[in-house]
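Read from first to last, the chains carry the letters A, B, C and D; within each, the first residue is number 1.
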Amino acid sequence: MKNYSFKNDYSEGCHPRILEALVKTNLAQQNGYGYDEYSEEARALIRQKINNGNADVHFVSGGTQANLLIISSILRPHESVVSAETGHIFTNETGAIEATGHKVHGLMTDDGKLKPQHIQSVLDTHTNRPHQVKQKLVYISNSTEIGTIYTKKELQELSVFCKANNLYLFMDGARLGQALTSEINDLTLEDVANLTDIFYLGGTKNGALLGEAIIITNDKLKEEFGFHIKQKGAMLAKGRLLGIQFLELMKNDLYFDLAKHSNVQAMKIKCAFQTKGFEFLSDTYTNQIFPILSNSQIEKLSKDFDFYVWKKVDEENSAIRLITSWATSDEVVEEVVKEIQSL
Amino acid sequence: MKNYSFKNDYSEGCHPRILEALVKTNLAQQNGYGYDEYSEEARALIRQKINNGNADVHFVSGGTQANLLIISSILRPHESVVSAETGHIFTNETGAIEATGHKVHGLMTDDGKLKPQHIQSVLDTHTNRPHQVKQKLVYISNSTEIGTIYTKKELQELSVFCKANNLYLFMDGARLGQALTSEINDLTLEDVANLTDIFYLGGTKNGALLGEAIIITNDKLKEEFGFHIKQKGAMLAKGRLLGIQFLELMKNDLYFDLAKHSNVQAMKIKCAFQTKGFEFLSDTYTNQIFPILSNSQIEKLSKDFDFYVWKKVDEENSAIRLITSWATSDEVVEEVVKEIQSL
Amino acid sequence: MKNYSFKNDYSEGCHPRILEALVKTNLAQQNGYGYDEYSEEARALIRQKINNGNADVHFVSGGTQANLLIISSILRPHESVVSAETGHIFTNETGAIEATGHKVHGLMTDDGKLKPQHIQSVLDTHTNRPHQVKQKLVYISNSTEIGTIYTKKELQELSVFCKANNLYLFMDGARLGQALTSEINDLTLEDVANLTDIFYLGGTKNGALLGEAIIITNDKLKEEFGFHIKQKGAMLAKGRLLGIQFLELMKNDLYFDLAKHSNVQAMKIKCAFQTKGFEFLSDTYTNQIFPILSNSQIEKLSKDFDFYVWKKVDEENSAIRLITSWATSDEVVEEVVKEIQSL
Amino acid sequence: MKNYSFKNDYSEGCHPRILEALVKTNLAQQNGYGYDEYSEEARALIRQKINNGNADVHFVSGGTQANLLIISSILRPHESVVSAETGHIFTNETGAIEATGHKVHGLMTDDGKLKPQHIQSVLDTHTNRPHQVKQKLVYISNSTEIGTIYTKKELQELSVFCKANNLYLFMDGARLGQALTSEINDLTLEDVANLTDIFYLGGTKNGALLGEAIIITNDKLKEEFGFHIKQKGAMLAKGRLLGIQFLELMKNDLYFDLAKHSNVQAMKIKCAFQTKGFEFLSDTYTNQIFPILSNSQIEKLSKDFDFYVWKKVDEENSAIRLITSWATSDEVVEEVVKEIQSL
């Protein structure tokens, strides 16, 4: 039995306040399918936080589900979505997007972030209409699958580019809390709402049992969205389960406190590695770090801690991935820091 | 504010034992995606209850999700599924099955139950190969969408017919607990497992926050099922949420106690209507009843209670639907019975 | 070897004028994919005949192909199409429409023709949004699969109803020539173009080697249609093959002459049956007739002629289907008439 | 008006022998849907030429259609197909494969040809089951989209690799005739049939009006293939049109004579460029050549001849693509050669 697992940020249950809310509301009869009072309150709070009273908010169970239903609701049959090659939809969802009938273009990037020139390169090689698929949607993640985040300037540039090229911009925010509370972040939640057409706030990786809050700001994408939720099997009879959780997470900014906590814990561990002179696969400021260790160091560290060996660097060294969460305690961090110091 | 809603069996949260289990296990780190200890234990218990150690068990969030992923995992592109016209997949899932590429044949029945002759009639009118779609799967619900249940003899006959005609048999068990604990039932859970190729045990409508347990007994249908769960967005990162719930429901047969409770409460109300001489749209012995009331009686009853007006019978009368649940208390039943007596 | 087959209207090759045109144009180099001169000319002629210079015209190979690409180009994922139960898309295309993700509602009719009340009945039972699929398109065939045709009044009523209910109206015209040249017809091609949003003129069953001309009059349905043709594999590299054929068929109304010929031949045979007192399964005035014969009469007639036994009426009698075509000669008709007289 | 277009190999109609056969057989009544005598004879001839009496042979209209129906008939929902990034299915079919629900992996290659190491690299990065799509099919083209061809050794190695990795091997033979008659080819048609599981012989780009002959040698892929043809709208009512053409092409090896002719004409033009010292984008020995010209040379050549400017090499130079066909006459070749000599 190991001391702690840094394999992911969904190893524990949920923040205790959520359980308390579930217990407190348990026997109140409520409407199904998201029309309960808690969901309505949660929606109102989210609209307030993004300063947009007209946004549509829908709660669904998980990230792959959110991605596939959002993308398939937006695209017509001959349209495609552009993603980084590291994008979750390109490599980690068992072809879920293609299964709804749409091509995903996977583009090489340095840091997991799409820039206008990446997208332009796809547009440039798909001008032979109607023999080639038509790009209509850009998919980005913030924080990305490799822990990096978008700056305000980068997101603005993407937004301008997408509008100029008649493309929708969709942000996968499975770890948006961590992005927005990163020490180097300069984006607000309101910025994200203003600069994208649709995005979601991840609950599963930030203290909820499950749940992602899809937020639609572009009117064209709002229409009849409920049909898509139902059709893809994403509409919970007891929608209250999602509403209650997001209500708790949004109240008093618990959501951001939890995300910040996970970042802070990761940065402490990162610092320990840095102090010892370790290098990193990428320079991250969220709750994922990718230090490069020798094989024997990896073996040593894995005696007490669980984590993924992420990428072989050479015969002697590999990058590992450590993920912290809202539930990673100071004690655990101290333990692993001590271990790092002794490597 | 009304006294109680009989609109459906998912108006409350979940059985308190489930909440206790969630609280107790909350901070234990577990593997994701259904590989946690609770899910493994729940699977073992289910296998034991169906007396089949080789069955595959998968937990997913809801019924539409279970239906669409099961059916699309089984059928090849040119194959179709046969259902009663009242079947949930035919009318109540926003075309979810067709969205995965497959035709659903909807057959008229008297009581929501498919019999061999219904299926034979579809086979007889689809012999012009390859110009017509090929039937490969039969979908039934138990209890059905209108509250009726299959007898052992009926299920045996369907099973024999399906095998003889090279068709798979799939039972939607969103309310299987209620069916198996009905006073007129003669089927066991083991029978269901033996007589079908795949079925599921519904949690959402029987005391869970969410969750259906898919049980696969036919080896051909087991292969690579996990890919389909993931691709359809049905794989929860915190699969523990489903495992913990089914573990609690299976322990000491809580699942069947809750279902029986909901049936008993419905039968008390049914009895009150019968005593007063009311007729019913269909003769049900599970947790759904469909008494026929005059418009003024409906108006009177709806002052204190919520329910659906199900079907207009004539200008003066309509059938209403009352559904009870694991959470419907004796006090509520007494109240509504008193009201019925005064109609 | 039998004398003649009345099994269908695509047993022969094509009208000789088409072959002559193919020979004459054979070595002229032309643009691919429908941008050849012949296709352009054919489009111009069709636009002229429907008196609509803005209509879009596309040529594709066959009816199932036309149906699936038209319907999937129009519908969003949660939308469905309404058809008669006898409609080609409902029973005779191996689930082609569902394979593109859409439900087909199959409605019982007396004569293969949809009327507003049929469609209204579907709308009435699909009001539970978003839990039920949304109807957006009405599919009709003219002539229908059982040989009947729409009157001008009927088509006007459908058109008004569809507009009022925000539904598109699509006419499958695989045998539109036969409908418009029927002795009881009161519709013109221009009427059809005005009263529908999209329709096609069938070539395969009226003298072409293959080909259907899709005509789009509703601007909303025109947009980016070429992408759909390509994506569904329906865009011929040598689009000239389709253009040349429709050019010949449209010139001097050959198309309508051929259709009328097929009708006239069928009516002669129908008359022979009537004279002898035979009854019919349905009263048709196009190139399909469905006389009811005794089993021994069927056996006798089938010695020299091929046809389908369409539907068993009772133990002693069945309806047969005889189809005539542009190529059914007077000699053949005389022969079969003589045979009928001797039954 | 230019003298000749080298834009593609489908600018003309078809070989005159095909037209003669169409005329000769025109009025013979035949079964529909590929059950005519000519199709049966053509199938027999093809089976004989590949020395495999058990192969299934199906005729369809075009390449995109063949590709989408073959691939969707083989793959289960969670399975994907591997292709070169230059592969027709990856970039030139408007997302047709994805529209059937399947991911296409596009791999960078030097010469348009897949080698085992390319495929291995995809397998290596898709081991996280069931979170990633499962590779099941390898798609190659011969000749490739950039004119190169597979050697016998290369195809053998691919075949061995696919069998070892439980992958099916599918060859797109839209230009297989040109590949097999290339001066550097060492493969026979029989080799192709033995080393792949399924492939097709292209007619459209080798003298037919339209048509590809799909040949299935792996028994597992034969089952119920007709359903897929019908469902995808690829089954012609007058299947005779395809049968007659392949019968003519197969008789006396007209197919290979035409392909060889197109290669020979291209090689003459290639030689003219080489003699003048021009370089090429790739070294091809089939009917496509890619010489690199200066902008002014391109302008000069394009006065009399049509062709595509394929790829910009630098500010001053671009590669052009010239394609010859069965119909490219010696006179035309002499003219263009003269023009090249004067550049």
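Side notes on the structure shown:
Heads up, the rule we're going with is that contacts are C-beta pairs under 8 Å (C-beta built on N, C-alpha and C of every residue); 3 or more make two chains touch, one makes a residue touch a chain.
Bear in mind the structure is a predicted one, so any value in this text is a computation, not a measurement.
When the contact pairs of A-C are matched by residue number across A-B, B-D or A-D, over half of them reappear in B-D. Ranking B-C and C-D by contacting C-beta pairs places C-D first. Each chain gets a centre from the mean of its Cα atoms; for subunit C and subunit D, those two points are 34 Å apart. If you average the CA atoms of subunit B and of subunit D, the two centres end up 51 Å from each other. Distance from the subunit B centre to the subunit C centre is 43 Å, each centre being the mean of its Cα atoms. Looking at subunit A, one finds that residues 77-78, 93-95, 99-101, 130-131, 133-134, 227, 230-231, 235 touch two or more other chains.
Those residues of subunit A that touch subunit B in the shared complex are 4-5, 8, 10-14, 16, 19, 22-23, 25-32, 61-69, 93-96, 99, 204-205, 209-210, 227, 230-238, 240-241, 327. The touching residues of subunit B, when paired with subunit C in their complex, are 77-78, 80, 91-95, 98-104, 125-126, 128, 130-134. On subunit B, the positions that touch subunit D within their shared complex are 33, 72-73, 76-78, 100-101, 129-131, 133-134, 224, 226-231, 235.
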